[in-house]
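Structures for review follow.
The same chain A turns up in both complexes below, where it pairs with chain B and then with chain C.
Here is the complex of A and B:
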């Protein structure tokens, strides 16, 4: 969709309200996207890295543009050209958020790993929101060629802890036949800003996608994570972890679309809530008529440390064929006071005991991450959210 | 060394129901006190209350460790002072391995002893202590990598409780029905492990329904606990008598024994 058409669409669409099913628990009252201005220059910021890793390539995106910090060899790792025909192939400008991105995005990154290429070290892109009251719409286009293998870490950060800004990122991921892609999406923005992300991957025959999604920051955010299992034998595994406290509101809307036979998907989301925080996890597994032999799983578990916190967990199945194995689980529970007492009776303070319970709760999800520095960095970031 | 004094202790539920109705007890280092009583007599309530469980209210009396009242302290601070409770039903903590839990607990106590600054145990020292204690208590190595008490058998849980006790080196240990759910071999190993820890460094309160565990941990004193009070006191002979005669003789009128 051309910018002009997207802009028109953006203008004619109203902001979603809670009368729409997918926005039922995420209220945008008080949000005025036009109050945030598209900034053209970034304010320089020192942002500490979350994960210390040897990288094959790294890039930064901020209001001022794209900087390729380290270009990997044999891989396209470059600013995204707005004429690229593949833009919009997976995420169309159907809702106001996606239309805003399509109309206004200025900076993006193209990551294209040719067929058969394997990268031992990860690629990393950091999207930095640096301007107060600024709007930063960005795009990532990831193309994993046939039988390629690599890891991409995508990080959303703010220049300061109290930055009020709007970030809106569209991520489109093409996983070619036989390719194996590990994608790590970390959102650790300021807790005063708004954040939206449409993330969709399409998987071809026998490809594998391992996607880790961590939600830590933002005042209010909504993240869509969709997988199209389009080729026979494709497998996707999505591991989500989130931590919301104070009055944060985090919304994850996931979609597992099985469109080809013998495809597998396994979505596991775990979240911890404190204070008056609220979260939404909505999962939908859709198995098309032709997707015989589908194996689909979705799970969402929430651990609450406050009676005022509220987690909404809404699993969903839509199955149009018989030969499938689908299951799901959703739970919301307060921390077990007896478990806390047990740990405290060993000398751990209440916050140490809580931290141990939280680390255990997330470990069962994070254990799915093979790379130790990534697993440990996320574990640390999550545990650090329990006050000392 | 540590002296535990329980003075006219009364313990009530949050609704005011009094479960422990005035008990006195002094535990000196090296002493083993058995508290025996029928089910439902309030033995576990006493154990939980000593450790500071928030569901129980101390409605009277005091508990002192080395002359200092434990009552204003939370469970964590009581543990840091040297009190340990081996739970009848230990809780599971999924996602946390036995090994990392043990290290966290040891480090919490070391931190308290260092006046609040971190003083983590060096890994080689931790491994050495752990290996020695595990061999002594016949704890299979594979348990270390498993999540704490998650899917453990009753016997495995009890072994891990005593392993914690061996590593945390409390001054006063309260063992709540540690013998329940154990087969005879496990009972021998675990009771032997407890006996070895009792000495100038540690006194113990062994809470039990049956005399069986006392064949392996010799009690210096036996207290019969019924309807919230000590109704008889004696030495190891009293435990044997209870085994053959039962508790009925000690129960107030109208309160059924363990039937």
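Here is the complex of A and C:
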């Protein structure tokens, strides 16, 4: 979609309201996208890394542009050219948020791993929001060539803990036939800003996507995670972890689209809520008529530590053929007081006991992550949210 | 175990109740809906002024509400071609013999008079817009139980009706609740005094006979403290080439310690839009149970709700939906926990075949302050062929950490291993499929009183009737 058309669409569309199904529990009242200015230059910032890893390639994106810190060999890892024909193939301008990104995105990264190439070490891109009252619309295009194999870590961070800014990122992922992609998306923005992300992957024949999403930051955010299982035998696994406290509001909107026979998807999301936090998890499994032999699963579990926390869980199934195995589960429950009491009776402080329960709760999700440094970094980041 | 004689592939192909008679109504408002139609209905009934005012307010609201765009396809309903009020006979009968032969014959063919003799405490029979027959066993009348059609209740117990009418489902609730409030006619009114237990079911039977009929019955049930009643409703209609509309409103209040069970066996013909709002309030330690079987209709959108307003209240919904060719069953349940230690269980089963679409749409809402609330939702769906569809749209909202809410759903086809096993024991494929379907719905049918379980099984068997196999 051309910028002009996207801009027109952006202007046409009203801001979503809670009368729209997918926004029912996420109220944008008080959000004024025009109050955030597109900044031209970044403010220098020291941001500690989350994961210590040997990297095959790394890049930084901020208001000032794209910096390729380390270029990997044999792989396209470069600023995204706005003339790239593949832009918009998966996420166009379907809503005002996506339209805003399509119209205004300034800096983007193209990650293209050619057919047959395997990278032992991960690629890493960090998107840094550094300007107060600034808007940072960015775009990632990831292309995994046939039978390629690699890991990409995508991180959203803020320059300071109290930065009020707007970030809007569109991520389009093409997983070629037989490719295996591990994608790690970590959102640890300041808890004062707005964040939106449209992320969609398309999987070709016999490809595999292993996607980990961690939601920690932002004041209010909505993240779409969609998988199109477009090729026979494709498999996607999405593991989500989130932690919301204070008055944070985190919304995850997931979609498992089975459009080809013998495809498998497995979505597992776990979240912890404290204080007055609110979370929304929506999930839809859709199995098209031609997707015989589908095996689809979705699960969302929420653990509440506070009487004022609100968790909304809206799983869904739309199944248009019969040769399927589809199931879902969702739970919202308070922390087990007896468990807590037992641990404290064994000499643990309340926060130590909570931390133990939280790490146990997340372990089942995090255990699905193959790379140990990533698994441990996320476990640490989640546990760090329990007050000492 | 009885050996099934039927073939799953025939589900939804046979409809035994599609006949109609050619009786002449004594009065009709004609096609379409205007302010005058609303006024005429009220005048025909000689209603108090407040009810006419309520009807007119609701009518104005109906006009302003858009047709919902979620759920099923409602765009084909032609509101101008519907008959909103048809009065079949002049006076309600107290015995079946008093009815005109055509109408009596209909009830005989549906087996209602016979059922009444055998196992019912009371019967109401609605034909088009009016309840043409009504009777309650004398010993219940003596205990203070009131079981009347809604129009009579408004005349004889105006104060109770006025106190509760529209308090559980105000006309602003949704477009079809507004429509019902504007043009309601018939339906049941039940009052069970404190401590009285009505052990045998009270039954209402709803029959549409005319083409393009709109049936808008209104039911209000008040179960007083520690009382109990089981209300059963059934419904059928003839098969016509054009559509009819059924938009009922059912309001229930279960007072402290009371229990109400409301069983529906909906078997409208496949040209009926069935858009019903049902909601119950369960007060302290009260129990409300909806047993909701949906076999017929073209499109059903119905989500029986329970508002658990008193501490310790319990709600239970058992829902079964069966969608054959051309049918869309958008059914489900809502449980809203508004008080501490309230519990709810929703069990939903759906079967779709022959291009039919069956689904579960539900809500569990735990309000802040409903400490110790527990809710469990289990939905299972069977899809019998490639053309059919199953949807599950549960919503869970929890605003109270001291609560426990869970939802599970599965969708599958008939297991090949199960089929193979049964066939290895000498059953044909169709017999085996039929047995698996019967087993699948058993958790619901076993909750029905024996006679209704038999009826439900018979209905399913009827729908499965066929010679293949």
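As a convention for this text, the second predicted complex is superposed on the first by the 388 of 388 C-alpha atoms of A that agree within 3 Å, B and C clash if a C-alpha of one lies under 4 Å from a C-alpha of the other, contacts with A are read in each partner's own complex, and residues count from 1 in each chain.
The definition used in the following text is that a contact is a pair of C-beta atoms (placed from the backbone, for glycine too) under 8 Å apart; a residue touches a chain by one contact, two chains touch by 3 or more.
None of these values were measured; they are calculated from a predicted model.
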Worksheet item: When the two structures are laid over each other on chain A, do chain B and chain C clash or fit?
Response: fit
Worksheet item: When both complexes are superposed, which of chain B and chain C contacts more residues belonging to chain A?
Response: C
Practice prompt. In the overlay, answer first, second, both or neither for which of chain B and chain C A:345 touches.
Written response: first
Discussion item. Which partner chains sit in contact with A:74 here, chain B, chain C, both or neither? Use first/second/both/neither.
Written reply: neither
Item to complete: Quick one: classify A:356 as touching chain B (first), chain C (second), both or neither.
Response: first
Worksheet item: If you stack the two complexes on chain A, which partner ends up touching A:364: first (chain B), second (chain C), both, or neither?
Response: first
Item to complete: For A:65, select first, second, both or neither according to whether it touches chain B, chain C, the two together, or no partner.
Response: neither
Worksheet item: Angle chain B-chain A-chain C between C-alpha centres, in steps of 10 degrees?
Response: 80
Discussion item. Quick check for you: in the superposed arrangement, does A:49 touch first (chain B), second (chain C), both or neither?
Written reply: neither
Worksheet item: Which of the two partners, first being chain B and second being chain C, lies in contact with A:310: first, second, both, or neither?
Response: second
Worksheet, complete the sentence: Min C-alpha distance chain B to chain C after superposition on A, in Å, is 15
Worksheet item: Inside the complex, what are the residues of chain A that reach chain C?
Response: 21, 25, 273, 289, 292, 302, 304-335
Response to the item:
The chain C residues in contact with chain A across the complex are 70, 366, 368, 381, 383-413
Fill in: Parts of chain B lying in touch with chain A, wherever the complex brings them together
51-54, 74-76, 78-80, 84-85, 87, 90-96, 101, 104-105, 108-109, 112, 147-148, 164, 168
Worksheet item: Which of the residues in chain A come into contact with chain B in the complex?
Response: 336-339, 341-350, 352-353, 356-357, 359-364
